[in-house]
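First chain written, first letter: the chains are A, B, C and D, and each begins at residue 1.
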Amino acid sequence: MLESYIHQRRQDKDILLMTHIVLGYPDFDQSMKVVEEMVAAGVDLMELQIPFSEPMADGPVILKANSEALDHGAQVEKSFEFAEEVVKRFDIPFVFMTYYNILFKYGVGAFVERMASIGVQGAIIPDLPPEEGEEYLVAMAEHGLSPIHIFTPNSSEDRLKMLGEKSRGFVYSVARKGVTGKETTFGDDLNAYLGRCREATDLPIALGFGVASNEDVRFIRGKADIAVVGSETIRVIDRDGVDSVKPFIEELVS
Amino acid sequence: MLESYIHQRRQDKDILLMTHIVLGYPDFDQSMKVVEEMVAAGVDLMELQIPFSEPMADGPVILKANSEALDHGAQVEKSFEFAEEVVKRFDIPFVFMTYYNILFKYGVGAFVERMASIGVQGAIIPDLPPEEGEEYLVAMAEHGLSPIHIFTPNSSEDRLKMLGEKSRGFVYSVARKGVTGKETTFGDDLNAYLGRCREATDLPIALGFGVASNEDVRFIRGKADIAVVGSETIRVIDRDGVDSVKPFIEELVS
Amino acid sequence: MDRRGYYDGFGGAFIPEILVPTFDELEAAYRDAREDPAFWEEYKTLMSTYSCRPTPLTLAENLTADFGGAKIYIKREDLNHTGAHKANNVMGQGLLTRRMGKTRVIGETGAGQHGVATATMAAKFGFDCTIYMGEVDVERQRPNVFWMERMGAEVIPVTSGSRTLKDAINEAFRDWVTNMDNTHYVLGTACGPHPFPEMVSWFQSLIGIEAREQILKETGKLPKRAYACVGGGSNAMGLFSGFFDDPEVELVGVEAGGRGKGIGEHAARLAYDDATIGIAQGYKTYFLQNHDGQMQDTHSVSAGLDYVGVSPILAALHENGRVRFEAATDDEVVDAMSRTVRREGLIPALETSHAFVQAFKEVGDLSPDDSVVINQSGRADKDIFTVADALKDPKWEKFILAKAEEYRNLA
Amino acid sequence: MDRRGYYDGFGGAFIPEILVPTFDELEAAYRDAREDPAFWEEYKTLMSTYSCRPTPLTLAENLTADFGGAKIYIKREDLNHTGAHKANNVMGQGLLTRRMGKTRVIGETGAGQHGVATATMAAKFGFDCTIYMGEVDVERQRPNVFWMERMGAEVIPVTSGSRTLKDAINEAFRDWVTNMDNTHYVLGTACGPHPFPEMVSWFQSLIGIEAREQILKETGKLPKRAYACVGGGSNAMGLFSGFFDDPEVELVGVEAGGRGKGIGEHAARLAYDDATIGIAQGYKTYFLQNHDGQMQDTHSVSAGLDYVGVSPILAALHENGRVRFEAATDDEVVDAMSRTVRREGLIPALETSHAFVQAFKEVGDLSPDDSVVINQSGRADKDIFTVADALKDPKWEKFILAKAEEYRNLA
């Protein structure tokens, strides 16, 4: 149903916006305010990152957010409670982003079941390739949740296909090599790459890594379904405070 | 003639006294005063040490005297001039004590000739065993000077004999192992050792290393011909000044 | 990529998607090299001409006499060029890097030994080199940093997380996901995603192969026990693998007991029961983590053992009982080191000294007809600041104060 | 005692009478050992089990390419246990000491390498040990002092004379003339009274024997030149002696040029003409002395070459032209060292680096079909303070200042 939501939404919007927050950064009250602002600004779906002490695939900004959230006591249980509340309060889809150890220690089955019970619709686990994810994939399927895999410019056609087949809801295409929060050049290479992504799957495509400005989003229009804004919002909040989120988002998609 | 001087002198003294100074320590004027005091105190002969930068066989006291003398410019030439003067002024025999490099650099022949010309009667070279001393021994013989070799408690009978044969004037028996200026126990071992020295040579025997008190000298009486006082006089001078030399010496032989 | 690199359920390759082709390439190059006898020959020749393999097996006569039990033989990895077994792994991966046509290497380092070894290899092979090192360790192991920089390596202090080895590994991965095209990540121990645990163990297997031959030649029979300290597990795997087919040889791995039991006090993942199974840094093993799966701080006097995880292969050998795991505390380690220096003139690194502690506790129980082998994984020159501090050497402190005065006056 | 140990008029034994029986005993024990093949076997076994002999011969590919001339091969004495060739001499004299039934050893040391090696040998053989070290060197080489003390040796700073190597030798003799009954003086280089120059060279001859075999095996022919740094001359004698019967091999000894010519500025006794023949420290050779025969101060960035005299055997080889002597200045030495570290991942000691300087100046003139051998007498770990200062490494200074702060706060 995540997929159908996206298709439906695309009827009247040529590009959707997915934003990202690190749960409990700087604290849960602030996180809540940020969600409110983002929803009010009209984002179409949101990524909730459960902090992990070893966020291998994240860059400096999200890395720092993860460890500060943990320093301020962002336990997994609290993240679930937070997710439960936002799902109740706002009627856009939410997906989890976190590293596999968080699921593993909680119990993969139990974790997925908890997701289902609180209505989180999907998950992005950057350190869990499908080859290692059998238990997770089965559990997600049982509960009709969406495992979202990552497409990369390095992935072969076959692999893109396979990743698409293992995914539900949408696929997450990273715009470039490297970690989150670094600059990306939006140009021909990216076009070609998005073309390859399109060929590999019928699922909606979210493009992330380095999306930071109105131009970036405009560039993506028509080539992907969803623009993902991650580190940049954290930068904006750190710089100008929570109230600056709404205008920033509105400017992005204007 | 050094030997005959000693025999003659022994007629009316049962023990002779040889004192030692480091030339140019603390400076040549002081050295001169010390010689005056010593002669006035009635010493029978004197050892004049020409300073060397590597006095391997000397202990802390004489080592320090050597390097300070050098720091204050005690060149070999000055030592010769000093020796020439004391030989003129005082009618006791003087012998040089120094290390072989001083002779070698000056030229062994030239050095011995200079000794002869200024009337220094013998030499003690602690780092020159007879095996290495041929040139030196020949030159000394030519000029009728006395090469004085060292007897040690470690030396075999044969070696003592050989050392005696290579010596003229007297032999220098060290009372113990080790370097100059350390304590010596005057006891039975020393008696036995002096007995061995006596057997090995007919030359007068000077006993040195650690002779520091009236008791020490009394102990030696009858067992050796000459008591050698070295480091102790330097200690006395450093402690109580030049004027204390005479009383110290007189007390020694009283 | 297919599911692989598992040892009784430990290991695997939990890697970011972007690195999948890189790992496929590495796996292929490694398999290819492994099947090519010429590669192993080239490797052995390099280690015998650039380092001094085979390293000797030294009989510690005085220590043997002190404990009155089994003969104590010491495998001298400390004599390797750069002073530790780390050289074996690094030179092997250097050959592989060249084989893959890459021109840059990156590495993480804790004690600095692996960093120095990697920088050395890079200098010799002409690779660019970047070393990630926890800020804490940069200070603990400054002499090693100094030499890495002299060799042209860029040493980047890692300020995230606990600022030690695990964080350096994360940073190295962050570099790799960006620069994989020209860069090989020279992982320093038998941890991380497949094929690293297997590959690093393969390169270190020289130790065990030599040790087995040497002890048989020396004593005519196998040792009763083989001891090695365990950080990530590479020197232990290197020694132990030589005796896997000899069930009569007991294998003993010694971890960092630090200040004793209790999370945060030590780095003993298998000997103590503070660790639980988890997945981090790309592989599955026992980690010192909390209920939520967040990695916890660890402590050891030796930077090289101060790590939250452990080789998945050793985790498996722990479960199936083939290897016994013990822990040595900081104080025991400093004592064992001082004793070894004093009695044998050997200077085991602080990491290494953990193995000596356990051997000293046990050899007395064995018969003088028997022998044990201890792997001296490295020398302690690099540890002089740590050891001087542990021994509170006043002369050393005086010297450092004087040096500082000198620098202050220059400035 | 009879007159012996002369090499074209250099050498001899100018010793205090009290030591004559001691030298007779030493000479006899040495002769006896030398005629006993079992002794040499025992020695070789010790060096191959306690240290890692034969040490490798490493082809320096990058440096060879840089200079585009003869292939540069490096004899790896730095891989010896304790990090220098000094181990060879010391272990040999250790065996001899045991053979003579003595229970205490004393030694002098400059760089501290010989002190560490002697203390190590004493720990292994169970001898008491006292090391004499010039006060200046105690400060220059504190890390080595630290390890000597850990090994149970008493390190006595020598405050007389220039407070460097020569004064340490005098002090050692002063100890010996007192304690010869139970004590052997382990002289650290091919100097001093007979039989030391010959005996030390004999123990070091392992270097040349191995190097000759290795280079023939590697290149199928002899090297054009062999380079070694020259302090007292033991590592040079060790390498050179392997090629004495090969007139086509040019032997090059490199002394400490310090700040350049002029008495007091350097320690080059043969390469410069500031030295004259004299007799000191028990033997006859070229010394840096004044007109009166007083030894003069010397200077070198490397404590181990900072010595007034030189092996009488090398003095003879200088006179008869068999060995060419050159000098390398402090600055050249630091450059050559940095270059070698950067290009080959090898860390030659400052002493050693003197040999590299001269080789670098000349290999370009030789054909790529030819080879040269450089003796890497030791590694520079011990030199970290000196090198850091020479390179004015600000990070190192910052680190030392922080350490000092730490100690001040503890106090």
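For this structure, a couple of remarks:
The rule we apply is simple: contacts are C-beta pairs under 8 Å (C-beta built on N, C-alpha and C of every residue); 3 or more make two chains touch, one makes a residue touch a chain.
On a predicted model such as this, the values are computed, not experimentally measured, just so you know.
Mean C-alpha positions place chain B and chain D at a centre distance of 38 Å. Inter-chain spacing, taken between the CA centroids of chain A and chain D, is 66 Å. Chain C and chain D have Cα centroids separated by 33 Å. Annotation for chain D: no residues touch 2 or more other chains.
Residue positions of chain B in touch with at least two other chains are not found.
Taken chain by chain, the contacts run in an open path, each chain touching the next and the two ends left apart. By the definition given earlier, chain contacts exist for A-C, B-D, C-D. Within the complex, the chain B residues that touch chain D are 52-57, 59, 63-64, 67, 70, 75-76, 99-102, 104-106, 126-129, 131-132, 149-156, 159, 163, 174, 177-179, 182. Note for the complex: chain C touches chain A at residues 1-3, 12-22, 160-161, 166, 170, 173-174, 177-180, 276, 278-282, 287, 289, 291-295. Of all residues in chain C, those touching chain D in their complex are 48-52, 55-59, 62, 76, 79, 81-83, 119-124, 126, 139, 142-143, 145-147, 149-152, 338, 341-347, 381-382, 384-385, 387-388, 391, 393, 395-397, 399-405, 407-408, 410-411.
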